[in-house]
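Pasting the structures in now, so scroll down.
The following pair of complexes shares a single chain, chain A, combined with chain B in the former and chain C in the latter.
Up next is the complex of A and B:
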């Protein structure tokens, strides 16, 4: 069954590299806007006009004059800012869109996880670059948070890999034809969503950009750089929602409607779930999160992986 | 002013950065710099336009016995300098010799120096040696923090018999000073120790062109590199000297926190108010009414990273102030709902529990940790507690001890949960009869 996805070519091979990359970029932008719009709707409590606010402020940021700090590490700062959206794009590259991924390796899930790991460096540089106290503190906080979420995230993705007997994203979708993974892996699903909010430092895991450090890693950003980081964060959340759809909710499978529509509906549903739950919670202080991540989440995800491994050995997923 | 005959022996100006100074217009004619040791001074970027250095020999300069007579400092513009945040602790003036100084000609008369605010300067460790004769100088309690020398005017001042008790140098203007006739011969700047000076928090805004390249890479753009110090666990960690405030989201407006930051842990915390005139607290902060409780709650929730609940608390507060009974009733329900949600939030409890613990007897309604205090506000905000105890205001030095060794987020939560006294430390000590 591990070969079931091998017959499906990547979107780059099927449609040409440039259109395929363009598709991923457009989808990333739409997902980012979707996340920001839903978030604004929930937070402001105002009518549907509030959802266009992210678009307006995005355009304004493009025209805004950059401000800088005393003796910034400009090169690394800019590198960090540019890396955030690029890493979000690279994460989305292994998520099946219309049944195909932009690039396909035998270890798509590991690739996805690797992008989050590189994000550590990117966000750290965004905090380090401006040579400012609050930004630096935000950077430290992201590293603490990274120590907390990385292993639970990895174990939840590995659980999916065990269930599908493959780390290829298209194989994972194909393996859920009879049963969505969320039903046998609820813990892995919940942990994946929580850690996704953590690597996008959003919602209850927003302390690297918290109000108590005056915006943290975001505090010294302005103009296009601010736009890039905000866009990257939203795109990361969107990519995580799309990945959750593919890994736990059967991807584009569904009756009556065409596959891409199902995938869109499910992804939007995950985004709404993200925002509704995430915005109802206060920020979790990073040093408290470390404790829970290591004492609770890691044992839980390991137990989840064990259950799925036993089910898999007994031929449950075959 | 006449500094004639003063002897600054023992001062060491090595490592001073004078980069970017514009001495245009100075007349150094006839100076004889033999004997001074200016080694390692960074004068990069200085502009000596119009100066006359005729006859000076700058190799291995010896400026002893300099004669600065005839110097004309007119045209210097010190406006825009911000000396707030300077930390002079650790200065050692021990070797200064004031013995020969003849300050007789100084005439400070007529200046009105009252109102000087030297708050928070630490002159700790200054040693004026036994040579100095300070006559009637009384510098007890001087506090140089937040001095603004912008726009100082020393022109034509005659300072005889001045009383420096409360000097106000704001709006002083040094333009037009004439140092002519001063005789600095015999100055010896070697041997003094400025090692412990910390200029980290100085506002260098107007020093754009400073170049400290002569400092052997110790500074970056005029800021000293972070030093290492032992942290609370005994590890050597980078230590940043920081000042937080006076304006931050959810921060008591005008509060200035100075301390050292190791990673995200604060040590050596000192608190002060920027504006000491406003001795009375904000009217709303002081009250114990429902709107005041909702205000405090909203500000705390901002700091705690719960914008949605903060938004609702503000909505409820605005509604309660309305004249329309329907709006008030709606706001009442919203206030009860927000208060209950904050009270019951497990995430908040897990995040805030155990921070900012006040164990002191008599702290009354402030006893317990951050969470206890916030839950008491929730009771007031929900209207359950009809006659709440008035909150005692805490002295800043009491609060500062609570913040010692706290993570920066925990420190912010603690500050947001405590009512702070607007009275200054000085007023407190006066009240105590010190």
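Up next is the complex of A and C:
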């Protein structure tokens, strides 16, 4: 991949490939745990002890015996389950950590978007694999929801690209030196957070894994496979929070404290915001969300992109 | 011609190219619609890797993005309309095997002979510092007319395809005089109207 035009070397170039990959993996795990812990804390209301519940259930899932179904498509099922956490890791590869990204390309934001879109295939396969009706229903629900959230998500990422005049993540952070993008792109920010919840099928967009279909895509998962999918979902939410920090909240910029601390504070803030709002909203029915997305969110995000384009042309971001 | 690329890139192109062809063949070998669809996706993702090796980052990521979404949607329709969706019964994806094999082999030979015998122009074109920016400038500048025509054409195709496929029109939704305050839809929309 081309590094030309990059002001900042990738973390792989600066710190060596293995430490850089390890950093992304560790950050992904920490983010996933952070999301799950805050989620437990808010949902259970049982105080700080509830925070450790995800760790406990994670260890339990590792030891749990796998159960299977009649005539599953094992190859596709396992492929789908393994892809979810791998895609979360890959999408984190273009999020600046400590000011550097693992991969730096001239289209980082599109990479992030592409990893999320490959999740379409992965989640559908998780639903398809077990040869079970509830799981398959969940998979179909994810696709319907995807048709609604994908374009608003693309437009919100494009808006960031217009403001930064670059699709490179480190350039996007650098472009917010004087003004955070969230101030001129509030709609794109809100839509990005909402669509992040949708691609992790979480919170109000959890109907692919809804209780009305016995857990949907998750219904036949057990043992390590359930752990992988849950971990991947949480890591995706965490990666989205980290991306929202980099794309809208100035990344690691901030006074007094060192950059990574600021980035951590902002990312945790976004996660808390996610959970506090997301867990208070009812689950949206996918077929109802279609109209909202196409009639409201797409025009809104297009308008947002237009405003930012005009601001950009007038030299506002220069 | 190949000397522009590093040895790593050439190796990647060869391996991923072989992988994409193999996955393409797998489409016609596997006996399940889901597997055929995702073998095709694997083939497209291998092509994405080839584009990355060529430093065409934006095109590569957009290929992965578009093709994955397209295959996921296609899987739905393949399973809805084709025979034997889950591979629980034997099936074949091949029709008129001998004729199509002949046509395929003929096209392959013609293209390969063409590629290796044509005296390709060797220009003094330098590789751009940022292929994404170059692509954007081409689409929004010198090639804007072509891209707009293609874009509008595709969009019109999508709309006319949907129109032809749906049995319901505005008279079904808003009544014969189009005066109904709320559309009469089998699945209610999410907006309060």
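Operating definition for what follows: the second predicted complex is superposed on the first by the 313 of 318 C-alpha atoms of A that agree within 3 Å, B and C clash if a C-alpha of one lies under 4 Å from a C-alpha of the other, contacts with A are read in each partner's own complex, and residues count from 1 in each chain.
Convention: a contact is a pair of C-beta atoms (placed from the backbone, for glycine too) under 8 Å apart; a residue touches a chain by one contact, two chains touch by 3 or more.
Bear in mind the structure is a predicted one, so any value in this text is a computation, not a measurement.
Student: More residues of chain A are touched by which chain, chain B or chain C?
Tutor: Of chain B and chain C, the partner in contact with more residues of chain A is C.
Student: Is A:255 in contact with chain B, with chain C, with both, or with neither (first, second, both, neither)?
Tutor: Touch partners of A:255: none, neither chain B nor chain C.
Student: A:140 in the overlay: touching chain B, chain C, both, or neither? Say first, second, both or neither.
Tutor: both
Student: Touch check for A:280: first (chain B), second (chain C), both, or neither?
Tutor: A:280: touches chain B, not chain C.
Student: Would you sort A:47 into first (chain B), second (chain C), both or neither based on which partner it touches?
Tutor: So A:47 meets neither chain B nor chain C here.
Student: Between chain B (first) and chain C (second), which does A:206 come into contact with in this model arrangement: first, second, both, or neither?
Tutor: Touch status of A:206: first partner only.
Student: Mind working out whether A:114 is in touch with chain B, chain C, both or neither, as first, second, both or neither?
Tutor: The second partner, chain C, only.
Student: Given the touch rule stated above, what does A:76 touch, chain B (first), chain C (second), both, or neither?
Tutor: In the superposed model, A:76 contacts chain C only, not chain B.
Student: Applying the touch criterion given at the start, work out whether A:288 contacts chain B, chain C, both or neither, answering first, second, both or neither.
Tutor: A:288 contacts both chain B and chain C.
Student: Can you list the residues of chain A that meet both chain B and chain C?
Tutor: On chain A, the residues that contact chain B in one structure and chain C in the other are 71, 131, 140, 284-285, 287-288, 292.
Student: Which of the residues in chain A end up touching chain B in this complex?
Tutor: Going through chain A, the ones touching chain B are 42-43, 45, 70-71, 131, 133, 136-137, 140-141, 204, 206-207, 210-214, 279-288, 292.
Student: Mind listing the chain A positions that touch chain C in their complex?
Tutor: Those residues of chain A that touch chain C are 1-2, 4-5, 71, 73, 75-76, 79, 105-107, 110-111, 113-114, 117-118, 120-121, 124-125, 128, 131, 140, 143, 146-147, 150, 167, 284-285, 287-292, 295-296.
Student: So in the complex, the part of chain B that touches chain A is made up of which residues?
Tutor: Chain B residues touching chain A: 204, 220-223, 240, 242, 244, 248-250, 261, 263-264, 301-309, 311, 345, 347-348, 350-352, 407-410, 412-413.
Student: Help me check something: in the complex, which residues belonging to chain C touch chain A?
Tutor: Per the stated touch rule, the residues are 32, 34-35, 38, 41, 45, 52, 55, 57-58, 61-62, 64-65, 68-69, 71-73, 75-76, 86-88, 129-133, 187-191.
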